[in-house]
Amino acid sequence: MTLSKTLAAGVMTLATVGSALATDLTIVSWGGAYSESQQKAYHDPYMEMNPDINIINDESSAEAVAKLRAMNEAGNVTWDLVDVVASDALRLCDEGLAMEVDHDDVLAPAPDGTDASDDFGDLIVSDCFIPQIVYSTTVGYRSDAVGDNPPTDICAIFDTETYPGKRSLEKRPINNMEWALLCDGVPKDEVYDVLETNAGQERALAKLDTIKDDVIWWSAGADTPQLLADGEVIMGSTYNGRLFSLIVEQNQPVEMLWDAQVFDLDGWIIPAGLPDERVEEVLDYLYFATDTQRLADQAKYISYGPARESSAPLVGKHAELGIEMAPHMPTDPNNSKNTFLYNYEFWADYRDDIDAKFQAWLVR
Amino acid sequence: MSEAQDDQFVVFDSVQKSYDGRNLVVKNLNLDIAKGEFLTMLGPSGSGKTTCLMMLAGFETATHGEIKLGGQAINNIPPYKRGIGMVFQNYALFPHMTVGENLAFPLEVRKIGKADREQKVKRALSMVQMDDFMHRRPAQLSGGQQQRIALARALVFEPELVLMDEPLGALDKQLREHMQYEIKHLHEQLGITVVYVTHDQSEALTMSDRVAVFDDGIIQQLATPEELYERPTNSFVAQFIGENNRLMGTVSTIDGDQAVVKLDNGAETSALAVNCGAAGERTLLSIRPERVQLAHEAKQNVTQAKVLELIYLGDHIRCRMDVHGDTNFIAKIPNAPESHRVAVGETIDVGWPADDCRALDVRSA
Amino acid sequence: MQNESTPEIPLAADGRPLEQSLQRALRAQKIRAFLLVVPLLVFVLITFLAPIADMLYRAVDNRIVSETLPRTVEALSDWEESENEPPEEDVFIALYYDLFFAAENKIHTRLGSRLNYQETGMSSLFRRTGRRVDRFDTDELTDAFIDFDPRWEDPTHWITLSEHPEFANQLPETAGVWDDWTQLLIAEEDELSEEEPEDLIYFALYRDLNNIGQPVALMDNWSETVSAAQSFEPVSLREQFADADEDWLLPSVWGTIKRFSPTITDGYLLNAVDMQKTADGIEAQPESRQIYGLLFGRTLFMSLVITISSILLAYPISYFLTSLPMRKANLLLILVLLPFWTSLLVRTSAWKVLLQQQGVINDLLVWVGLVDDANRLVMMNNQTGTIIAMTHILLPFMILPMYSVMRTIPPSYVRAAKSLGATNWTAFWRVYFPQSVPGIGAGSILVFIMAIGYYITPAIVGGTEGIFISNRIAYHISSSLNWGLASALGGILLLAVVILYWLYDKFVGIDNLKLG
């Protein structure tokens, strides 16, 4: 046997082995408990059904927008599916970095036959965005520090007389500006009209100015739960799922405030520029992972509401603690008596301007 | 100042030094240095000579004993108050200062006025013939020039005592010899006291009034250069200073300062009993090569020797021969018309006067 | 004495000038030496210089506007914002063509985001209009053409027209739009003969036929077509755009497009120094948006404080290390380097645990009784936190060069000084310290340059007062995607470092810099 023949045989062997190997699917998400819930509700059952698919978890969602842009410029997109918040999805769509999809075409209908677009309803905030969960940014407080006068509305943030002590807020204008205006007497449905104007922005900052010295500004989702647990702050804003795990799973003396919590969405986008066969694989996974049952399953592991209307009745008990999950969902009627809807269009336009003003106010 | 104090300008009184608490680097040193004397501490490295110098300068403290300067104990006086000039082996000129600034430094710290300072710096520079180098940096000077500046700096504040720690070690041979004379002349000219440390015996012999030969933390001999060379009192000094031929033997008889020694090959020779034991004890005979007499000149202790090698050295010829079984026996034949000519392989008579053959101790090492 | 004649050239044995022979002999050696350096040179160019050049270019790069809206940019050249009127119809027509193709290529929103950095609202303006642009009322003209002659519905009819040699001459607008249309179909791998032409092609034809001078028959029945087209009901695109979003009637929107239409812009750089380009020229940002000047100043000031505290801490440590025997010193040096084995994030988070109000240090102080429980010290989320944590993190970069310089200072210098009458302090200050300055210089430059680029530590322990300019750069890179502004800020930071380096060279001398 000559050398070239040996080599050829070797290559052939490799090729057959290669085809038998699993296809990799790189899915980007937030990491931690959230990724775990996706692993259990989506990835594991899907891989069981498709043994030739291997799902690789990448925990880069926090930098997804910048990384996708860099990958796109380099012409080498290595991600297949990315979990992002809705506002990021909007931006990725605007930048041409996410693929537009026809929701009815690529997603499963509800069990009763309702089209996907109707089942998801208004939550489809962008042509590129496939909603997955509904979460809220809300306020948690130390129940041991408020005595027998626990806060009941969002304006407790600004009430340093009744609730003295530090509070933690996110280091960005979104949510804070809205809350400031609400607590400065602006009716809920006029908040964004007021915030559009210079005077309105100044009004919001002036309100925030009253508590500026009492605020610890956070930038990572884990900050507020940690600050609450350490007793560094008396209250702070964060995602409801984080508070849920602090209260229910870690048994900390913390309570959650369900008032004017900001409704927000998280979901999938498919990066633009993937080759057709990869898009096909991704869509196959997506069809499975976003059906009614799967979305309801995820709620067993984390207290975020499924984005499909049809999933709500299927939400069951916590997988380990065995408690009913429905009352902890931001979508539960008891919790959503007074919610605040995040305006994506508004922030897409005003983000640059208001952020500059907010940051300038912060450092002053 | 009294006469006695002049003789005892520097005093080491039972000084001991140990670094690790187990071994003594300096063992019970007693040494008086007279005012205006040029005293050299000579010895191999590790012999304790530099430690003695550092104790005198104040950079090391004596573990035991007292050091006095001008009659005053200085053990507890910090170096900068001792007023001792010092020249270091690597000169230690401050690289970030010019020559002028280096020289002005000791005057400045003594708060001497500017005009006075300049004058003294100039005088010191001219003393070492470096007048034109005032504004140079040390790095721009040659080794010899740096050496002169270091010397000038140690002298500029007119100390009564100057210490020199192998100051010429880094110079080439010719320059070193030249500097030896210069330092010697400066010493004579200024009348200062100099304590000089070196491991180079010719340097020590050339410059010193007295030489203290150190070994193993002990002064082996303290004497004038001539005394040291001509009359070493023990085998270490004999060997360390100059060249010598060594013959081992046993003392047969001693009569006054004369001894008869039986060499290991059975022959007998007469010698000067300097530092040998009683009859029956082992002794080492030391004979300077230039005192070996050849052929018809050999009068005393004559024996037959075979010439093994001749080395031509210009002013003399080194002749290696086999004498009493020692194949490394050297004789120096002066390159003079009247000198006896020998050839390799030739067997000739050699001999030495009994006074030039010194019976010394046998060192265990 | 002056000698004007050329001096005699020394010759080598073979009669060539000696200098030439020497160079020839050295050339091979030089080439070999150069070849050895090539891999590193290429590596440095690709991984170091090219990214910097790219970053500097991004700070002024503005091709996106003229590439996305080529016709509009040209049409706008006659319009002046100072007239305070929206532009004429022809500009709207140009925008119609441009935006149609931009929307088809899905790049209109990207332009919207880019212009939104300069003018709030541009993002949704482009997004909303892009959704509408293929549904403008120009379909009335499409229908009119097809009513007149049903063959116009057939793509092949258009293809025949486009193949006429006079096509581009007679119908310039149509030809231009047709070109882009065919390009688009090729890119989408669609068949030209099967795709129904879009409304804007009919619109362009309508425009051309109404502006035609001496018609040349391009197809049969041509003069009838021309006169029929001239009788069609016109469609005002100005109204169409105003209908999609009335902001299109604002002169400020058009002013922004026009101001930022050149391929190179100073807009990002101006923004980076709290200035902006307005209709009235360059002016300062409103005070409520001024942030970068303050942050640059704060970054430099804090870096300076961090550098000075590093010097104060590192100097005695290095001095102590040099006084030890080599073996012990090396062991302690490893301890100095030990933190490098821990991630930066962990080290910073550890400081958080120590410094926070319920943290270890405060607990200890309260326990000892030095601090009242109600008045615990605020040591983080402010400048103090940043300074403490960063001094700790950057300390090794100060110790290492200091130590390696101090190690080379022979002890005999200080001894010499003392023997010359200097007290311990004088000997240190006049002799030892000046010689350790190169180490301080090297350490300071290292620490300072690293400090002004830091962002993780300030972000975690700095709160609002303790953040650096780099935190804003990181924000614009990863969050706002305003890479142009991020590059401009980075460029200014780079410039600041270069100036500092230059100042150092001028006052201390870069040849005085010793890293060991």
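We call the chains A, B and C, going by the order they appear; numbering starts again at 1 in every chain.
By our rule, a contact is a pair of C-beta atoms (placed from the backbone, for glycine too) under 8 Å apart; a residue touches a chain by one contact, two chains touch by 3 or more.
For clarity, every value in this text was computed on a predicted model and none was experimentally measured.
Asker: Going by the contact definition up top, give me the pair of chains with the most C-beta pairs touching.
Answerer: More C-beta pairs are in contact between A-C than between any other chains.
Asker: With chain centres defined as mean CA positions, report which chain is farthest from subunit B.
Answerer: A
Asker: Using mean C-alpha positions as chain centres, tell me how far subunit A is from subunit B in Å, no decimals.
Answerer: Here subunit A and subunit B have centroids separated by 88 Å.
Asker: So how far apart, in whole Å, are subunit B and subunit C when each is placed at the average of its C-alpha atoms?
Answerer: It comes to 74 Å between the two C-alpha centres.
Asker: Once you find the CA centre of subunit A and the CA centre of subunit C, what distance in Å lies between them?
Answerer: Whole-Å distance between the two chain centres: 29.
Asker: If you look only at subunit B, which of its residues touch subunit C in the complex?
Answerer: 57-59, 78-80, 82-86, 88-90, 92-96, 105-106, 109-110, 153-154, 157, 163
Asker: Taking the complex as given, what residues does subunit A use to touch subunit C?
Answerer: So the residues of subunit A touching subunit C come out as 63, 65-66, 69, 91, 93-96, 100, 166, 171, 201-202, 205, 216-217, 219, 230-232, 345, 348-353, 355-357, 359-364.
Asker: Under the definition above, what is the set of subunit C residues touching subunit A in their complex?
Answerer: Subunit C reaches subunit A through residues 106-107, 109-110, 112-113, 116-117, 120-124, 127, 288-291, 294-295, 298, 356-359, 381, 459, 463-465, 467, 472, 475, 477-483.
Asker: Could you list, by residue number, the parts of subunit C that touch subunit B in their complex?
Answerer: 410, 412-413, 415-424, 426-427, 430-431, 434-435
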